Amino acid sequence: MLTELKREAYEANIALPKQGLINLTFGNASAIDRAQGIFAIKPSGVDYAVLKPEDMVLVDLDGKRVEGDLNPSSDTPTHRRLFLAFESIGGVVHTHSSCATAFAQAGRAIPIFGTTHADYFAGDVPVTRKMTADEIASAYEWETGNVIVERFRDLDPADYPAVLVNRHAPFTWGPTVAKAVEAAVATECIAHMALMSLQLAPQLEVIETELLNKHFKRKHGPDAYYGQKKA
Amino acid sequence: MLTELKREAYEANIALPKQGLINLTFGNASAIDRAQGIFAIKPSGVDYAVLKPEDMVLVDLDGKRVEGDLNPSSDTPTHRRLFLAFESIGGVVHTHSSCATAFAQAGRAIPIFGTTHADYFAGDVPVTRKMTADEIASAYEWETGNVIVERFRDLDPADYPAVLVNRHAPFTWGPTVAKAVEAAVATECIAHMALMSLQLAPQLEVIETELLNKHFKRKHGPDAYYGQKKA
Amino acid sequence: MLTELKREAYEANIALPKQGLINLTFGNASAIDRAQGIFAIKPSGVDYAVLKPEDMVLVDLDGKRVEGDLNPSSDTPTHRRLFLAFESIGGVVHTHSSCATAFAQAGRAIPIFGTTHADYFAGDVPVTRKMTADEIASAYEWETGNVIVERFRDLDPADYPAVLVNRHAPFTWGPTVAKAVEAAVATECIAHMALMSLQLAPQLEVIETELLNKHFKRKHGPDAYYGQKKA
Amino acid sequence: MLTELKREAYEANIALPKQGLINLTFGNASAIDRAQGIFAIKPSGVDYAVLKPEDMVLVDLDGKRVEGDLNPSSDTPTHRRLFLAFESIGGVVHTHSSCATAFAQAGRAIPIFGTTHADYFAGDVPVTRKMTADEIASAYEWETGNVIVERFRDLDPADYPAVLVNRHAPFTWGPTVAKAVEAAVATECIAHMALMSLQLAPQLEVIETELLNKHFKRKHGPDAYYGQKKA
C-alpha cells in the first residue's frame, strides 16, 4: 500500500543523517498522499542505519495507524497538525540540527542577513512562543503543532518553509518531502552563517527589502527564472 | 573468556573515533559482566585503527587483570570506581570530545537549554569540583572516580548519564556500553548547541521545568512512550 | 564543441561540493576560451550529483547561448561581466561558502591577518558597496558584476582573486577555472581563521607590510620561488 | 637512497590532509636520518593527491639537495634550522591548521587549560616574537627557524613539541616524524578547545601545576605509565 509514498518518506529520512542534520535518532520525515489523506512517517526510535522503506508507518489524518507494525514517530501528531493546517505542503521534516537548534533554544528567530537566506525565505525564520504548562501536560506533540500554526496565522507556509519551536528545534516543510529536506539543509546553513555574521556585527540589520524580494522571487512564484523550465 | 563482553567493549571503543568524539588515543570504553564482576576495557595507548576485540583487557572489581597481555587503559581505576559506585550501569565511556571538554576546562556545567538536552538528562550536565593536590599526588585515576561519585551524592546516575571532570573531560555511562556511547554523542552535541546558544543569549535561562520533565519522561521511566515496545 | 573547456568547467563545478564550499545548488563555475570568446558554465539549478560535462552551457561574450539545451546559471551575466572587465582571467567561481558569506552578509572585508592570507592576496579580501534599489530592479545579475568591477577600479584582479558581494557571497577567479576553485578554497579558509582571530583579539591589526609582501611575492610575480619551475 | 626515510616522510605528508590539518598545499613534513645528516622533505607546491614516496627530496644539513629532481619545500631552511638546533628531534611538521593558525595570527600562545593539553605539553604552546623587516628581507625561511630557536632558549623542545610562528602558523616536531604529525593533531585539537573555553570564560586561568605535571609525566619521562611497555 502506497509503496512509492513510503519510499519517498524513507529516502527523506535517510538523507537527514547523510546531510549532517541528525545525530542519533533526533529527527524524522513524513510524506503525504493528499488524495487518500494518508501520510508515511518514520517509526519511533529506529536507528537510521537499519531503517527500510517498508518500516515506514502509514497514518491517516485522524491520527489512526492504517498500516505498519511499528509505533510511528512520537512526533506524529505534530506532523499531522501541520498537514491539516498547511494544505499546500506534501512533506514535513523535523531535525535537531545544531545551529538552528541553538537559535530555537535561545528563543530567537534567524535574522535574514543575506541572499542565501532570501533564496528560501521571505523573511526571518520565525520562532514560536513558548508552550504553556497546560499545553505541555496535555497532548504535547499535537499542541506543538498548534503553536506552530498559531505563529503562522499571518504567514504563508509557502513563503516560510521552516519554523523554530521555542526551546526545541526546527520543523520544515515543502511541496514534497524532498523539498522539506532541502529546507532543513538551508535552515541549518543560514543559521550557521547568521551566527557568524552576528559575531562580526552584533547589531547587524536585516537585508534590504528590494534585495530580499529580488532573490526570493527569482526562485519562487510566477516570475521565477532560476532553474530549468518544467516540461 | 567473556568473548561477547569483549566484543561489545571493542565495538564501543571503535565507535568513538567514527562518531568524531576522539582524536589520537584520547578515550576509552568499558563493559561489565555484573554476574562475574569483571569488565572489559581498552588497552592503554593502542591506536583505534589496529585495535581488535581480543585486545580488550579483562579486569575484576578489585582492579586485578584477569586476562590479557596488554596494560589496560591508564583510566581503568576511574572506570572501576564508577562500576562499584553506580550499580545500575553496564558500561563507561571516556572521551575528550571538543565542546564538552571546553566546558570541563572552564569548570562549567552544560546548562540544559532545550529539549535535545532534556531527552537525555534530567538537568544540567554536572561538573565535578577541582581535585586537590593530595588527590592528584596519590591514586590519581581512582580519585578521579571519587570526585565523580562525590558529585553524584544527591544525583541518580540513571538521570544524568554523564559528568564533566573539572579541567579534564567527560565520562559517560549507561545500562550498556552502547548506551554509554550514545550518551557521549549526546553530551558533545548538546555542549555544541549550548555554546552557540550562549553566544546568542549570554544570560539565557535554563529550560522550563515542565518541558524538561515532559521530554525526559517521554524517553525514560515507567511512562516512556518514545521508541518501540520491547518484546 | 569546446569539449575540453566543458570538461574543465564541469570538473570545477563538481569540485565545489567536494571541497565543502557548496550546499544544495548554491554556486557555479565557468571557464572561458579567450580565442573564441565563449565560456562554459553550469546549467541553472541542476543538482551536482547528476551533473555531466555535456550539460555545461556555452555562452558568448554578448550573452548569447551558443550551445546547450539547458538554461545557463542565473548568475551567468555576472560571470560575463567579469570576463569582459578582467581580461587576464580564465575562470570564475561563485559559492556561498559559510565563513566568507558571513563576512559578506556583515558587509566587512576579510582582514589580512596572516601569511595564509598573504599567500593568495595582496591585502584584505575586498567587499563591494551595497547595490541600489535601481540596480536590483534592472539587470540584477549584470549589475552585480558592475559593483564588483567598480570595487576593482584601483585593484588588480591578479592581486586579489576574490571579492565579497555585499549581503551576498564570494566570487573568485584565476588564470584557469581550477585556480578560481583554489581561490574559493583559500577564501573560505582565511575567512574561518579571521573569524577566530577576531574572537581572540577583537582589535587585531592587519599583517605587517613586509611580511605580506614577502609571502605574496614568494608565490606570485617574477621573483616567485614557491613550487616547481614550469617546463 | 634512504628509501625507508623517504617513505616515512611521505606517510607523514599525506597524513596531514587526511587529518584535516591541511588545505590546498599549506604544509609539509620532513624526517631526518641523524647518522647521515640527511633529511627527506616534501617537494614544493606538489598536490598531496599525486605525491609519491620517491618525490621526497633529500637535503643535507648544509642545505644542499643530495637527491631528487624537484625543488624541496620553500620552508626547507626552517626545517633545517630546527634539525640543527633541536638535536633530539627526528621529524618536523608545518601546517596552517585553522584554530592553531588563528592563535598565531593573533600573536597569542595557546593557554594550557586542561589535561588534553597537558598530555602533550609542559605548558602553554609558545608563540614567537614578530620577525623584523630585516629578517624578512634576508633569508626569510632560515630566519623563521631562528625566531623559533630564540623562543626556545629556555625551553626543552621535548617538553613543548610545537610553536606558533607569529602571524604565520604552527611548526611541530617529535622523536619521529609520525610523532610530529601527532603533535600537529594535538595542537589543532587543543587550540580548538581553548578557543571555546575562552568563549565560556574569557578570564580563565591556566591549569593547576599539580594536574599539569601529573598528566605530562604520566605520558613522558622515566615515570610514564601510559601505553604499553616497549619490548
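Order of writing sets the chain letters: A, B, C and D. Residues in each chain are counted from 1.
Basically, a contact is a pair of C-beta atoms (placed from the backbone, for glycine too) under 8 Å apart; a residue touches a chain by one contact, two chains touch by 3 or more.
What you are looking at is a predicted structure, and each value in this text was computed from that prediction instead of being measured.
S.K.: Could you tell me which chains are in contact with subunit A and with subunit B alike?
M.R.: none
S.K.: Check the residue numbers that subunit C and subunit D use where they touch, and answer same if over half are used by both copies, otherwise different.
M.R.: different
S.K.: Report the chain whose CA-based centre is farthest from the CA-based centre of subunit B.
M.R.: C
S.K.: Would you mind pulling out the distance in Å between where the CA atoms of subunit A average out and where those of subunit C do?
M.R.: 32
S.K.: Please tell me the distance, in whole Å, between the geometric centres of subunit B and subunit C computed from their C-alpha atoms.
M.R.: Here subunit B and subunit C have centroids separated by 46 Å.
S.K.: Would you give the residues of subunit B that are in contact with at least 2 other chains, written as numbers and ranges?
M.R.: 199, in rising order.
S.K.: What kind of graph do the touching chains make: line, ring, star, complete, other?
M.R.: Contact map by chain: ring.
S.K.: Name the touching chain pairs, please: which are they?
M.R.: Here the touching chain pairs work out to A-B, A-C, B-D, C-D.
S.K.: Per the contact definition, I'd like the list of subunit A residues that touch subunit B in the complex.
M.R.: 23-24, 26, 43-46, 70-71, 74, 96, 98-99, 101-108, 130-131, 133, 136-137, 140, 167-169, 195, 198-199
S.K.: Under the definition above, what is the set of subunit A residues touching subunit C in their complex?
M.R.: It comes out as residues 113-116, 119, 182, 185-186, 189, 192-194, 196-197, 199-201, 204, 207-208, 210-211, 214, 218, 225-229.
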